[in-house]
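Structures given as structure tokens follow.
In what follows, chain A forms one complex with chain B and a second complex with chain C.
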Partner chain A sequence: MASYYCPTAILTDAQKAPTTFSLAVPALSHSPLNNNSGTPITPATTLDLPLWLAEMLAVSRPSGPASAPLATLDMPSALGPKVMNALTADATSVELRQQAQWFYGLGERMLELFEDEEMGAVLLNTFKKRALEIADKAQNTRTAQQGGDSGDFMSGLDETERQLFRAAHDGTHTVKRWFEATSRG
Partner chain B sequence: MYAEQANKLVLDAKRIEKLPHLPPYAATTVRAVTKEVRDLDREVSNLLAPYNTGSTQSSDGTHIKSSGFNPADDPATACALLVNHLSMRRNKRCLLAYHRVRTDKLEEMCWSGVDVADLQAASRRSTLRSGNQSAATSSLSAEEEQYMHQYSDLLAAYKGQWTDIDLTGSLEPPRDIFIDVRVLQDVGEVQTEYGSITLTKNSQLNNVRQSDVERLIQQGYLQKLG
Partner chain C sequence: MALPLPPGLTPSEVGFLCEMEHVTVIPRQTLDGLELLGGPTGALKPPFPTPLPLWLALLLKKQRRANITPPPWLSVDALTQILDFETDERTAELFSPSPNLPPATTTAPLEGDPYLAHDSLELSAPFLKDAATARAQADALPYHWLEIGHLLITHAPDDFEDLDAVRKLLRDLREVRMSKLRKGFEVLDAGGGVKMNGVGGMEIAEVRGFVGGVVDGLRKLNRSREESRKERETEERENGFGSSSYRDDEDEDML
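Up next is the complex of A and B:
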């Protein structure tokens, strides 16, 4: 229930993944799916489709359970081998926001469809390392404002990390204010 | 891509969650999304038309006595139907999420004691101030205003069961009996439990009882100092 109405879940699903059609669909050639161009959708056409569409196409088998699905889903470039290698090398230097705005959400959805333990382990590790960095930046606001290079890290955070940062920052702030308020009264 | 407008609605919804006030209802975008759903529905009916007539002719010319669509026979049409169906479901989900976020915000405002009539008066005042002489456009659609009216009535009925405590009051315990306030809006003379108070804009009142003015602070007529 929370996930159906939740705007974050909806926007996570709107992220794109490359999908290769395994059959020709002339009926969709003029649709916005194909950027309204007339190029026919043949068995080899690859399009970047949003997850809500791509997942269902990859799972449906119209000709019965033994036949091939309508389309095959590939890993989006945000979770490709290049990014994975960069994350194992140095998790805090990768700009997750450039890869995908809801990076961890995307990772969750892809892991639901593909059983990729290695990717799961890499993502978990990345999250831990980056969370440590976020907590540090949230607590010490003065150094974060003055430090010039920390701006790159902050702009590279994806949405979940931004929420984490805001929560940590607001929490410290509120406690400080409460201390001041009670010491006065 | 299908559901582009719907995506815009959801981005709006995400933004609204953080804002303190409610921005205007995106009527044009909502209309565009519903139009897209209707178009998709029409396309689905067109795709299924040859199958549902129950006639003796199928799409590839062979004679078929049965009616109804068998996905195994024509996976291409099945794919098109699936895409249209999913797009319709997606649009529906986005619409529902957008409206839900707005109604949640409205309910929150009702619980925090915002008066419905005040809200409309405030929006009218702000449009006049900005020099816009046309009819006052509220941030809410007609249905939302109706919703808010009925919800406040429901809330009032619920609160009426316990007269000695105010369920929509402030959750912060008072620190002093008397507080200082500044007047934000001109309301003239107000009757309180211990006498009357005259409120003129931008004046400051010292030593007013918190219990009297709490309601006025909540409604935005006064501002607490210190």
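Up next is the complex of A and C:
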């Protein structure tokens, strides 16, 4: 499990997933969860709840005659079939940031809950292909400064990929700086 | 508090550590042996060559009290030979080999497995003897080849016969090896490994952040698959021992 204080884990868990309530929760009608709309929450209302809340509701089983969980959790649209097909077709052209800012974190959490082998394989493949692209781009910003199409790929990276890019770029950059520093002294 | 530094050595740290390597120095002035923390240095009596740590050698060179002899692998011939090895298409997967390691200095409790002995001592750079002295191996690049090469070219240019050629060869070597490393990225996998025998310290430092990040990301994505696979394996193992059909097969084999 991710650490309690880790900002990455907090932000990842704050991403939303569609949850269908299986009982009425009138007291929450005016809460921000319901967009403060005031429409009553009846069984079969679907709301986008943050992952940490949705997971607890979906996993908990209240003791009592009806021991079904309080809500059912669906796959968020960021990991839906349309995105999966797009990723299988061409992993590097999908704008992951549009889907979810912490895309791979979201995928990891859903894989914990759902055990979808195919989705796991697609995500792994996507990660590898995009990592290769990132390595290329990190190395080439020195020479080809900002092409128009490279801007699209870079803006479509989710947070983990951005950190990867920064790590790759920093490595080359630090080595260059060391060479320059020792040349002077 | 969270430490913002990345795990592992940064390139500047690797560059600093390389200065512990010994190089052969030809003194121009006498100097008594120094009692350094790492051990005593030999006395300097010109014109006898003496091994000294690189940082001390560079200092003396700057003060014009000594000349540094480039190690055998830092010559035009040696570097050209190594570069030919690297660019040969048959060795596209490999790096040029590192110098031969000394045998482990221990009596091992198990044959050929020195790591378990209490008194075993596995030396690694920068403590390997003669990595950059005049007695170094001429056809292998030691661990700190890039850093030592660069420092010697910058601070002791007059000690080289053909400085420009050496500089160009070093640059070419660095590019060839980095491109080989980058090709190795393609086989990164959650549980996989890349064969990197012979890679130098600075080269690793450059890619450490990226490769570490990729493998970590893959590990996280693979975690649920890994866990379900482990559960399945433990179940199969238990069922295998308990099921009777296993035993029946064995009896039939005996007949």
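The working rule: the second predicted complex is superposed on the first by the 176 of 185 C-alpha atoms of A that agree within 3 Å, B and C clash if a C-alpha of one lies under 4 Å from a C-alpha of the other, contacts with A are read in each partner's own complex, and residues count from 1 in each chain.
Here, a contact is a pair of C-beta atoms (placed from the backbone, for glycine too) under 8 Å apart; a residue touches a chain by one contact, two chains touch by 3 or more.
Small disclaimer: the values here were computed from a predicted structure and weren't measured.
Q: Who does A:27 touch here: chain B (first), chain C (second), both, or neither?
A: In the superposed model, A:27 contacts chain B only, not chain C.
Q: Tell me which partner A:170 touches in the superposition: chain B (first), chain C (second), both or neither.
A: A:170: touches chain C, not chain B.
Q: Would you sort A:52 into first (chain B), second (chain C), both or neither based on which partner it touches?
A: Only chain B; A:52 stays clear of chain C.
Q: After lining up the shared chain so the two structures overlap, which partner does A:4 touch, if you call chain B first and chain C second: first, second, both or neither?
A: first
Q: Quick check on the superposed pair: does A:70 touch chain B, chain C, both, or neither? Answer first, second, both or neither.
A: Touch status of A:70: first partner only.
Q: Touching A:85, do we find chain B (first), chain C (second), both, or neither?
A: Neither partner.
Q: Please write out, lowest number first, the residues of chain A touched by both chain B and chain C across the two complexes.
A: none
Q: For chain C, which residues count as touching chain A in their complex?
A: 6, 10-12, 15, 150-151, 154, 182, 185-186, 188-190, 202, 205-210, 212-214, 217-218, 220-225, 228
Q: Please output the residues of chain A touching chain B within their complex, sorted ascending.
A: Contacts found on chain A: 4-8, 10-11, 14, 21, 23-28, 31-33, 35, 49-50, 52-53, 56-57, 60, 62-64, 70, 185.
Q: Mind listing the chain B positions that touch chain A in their complex?
A: 1-4, 7, 10-11, 13-14, 17, 47, 71-72, 75-80, 82-83, 86-87, 90, 93-94, 96-97, 100-101, 175
Q: Applying the document's contact rule, which stretches of chain A touch chain C when the two form their complex?
A: 104, 107-108, 111-112, 115, 117, 120, 123-124, 127-128, 131-132, 134-135, 138-139, 160, 163-164, 167-168, 170-172, 174-175, 177-179, 181-183
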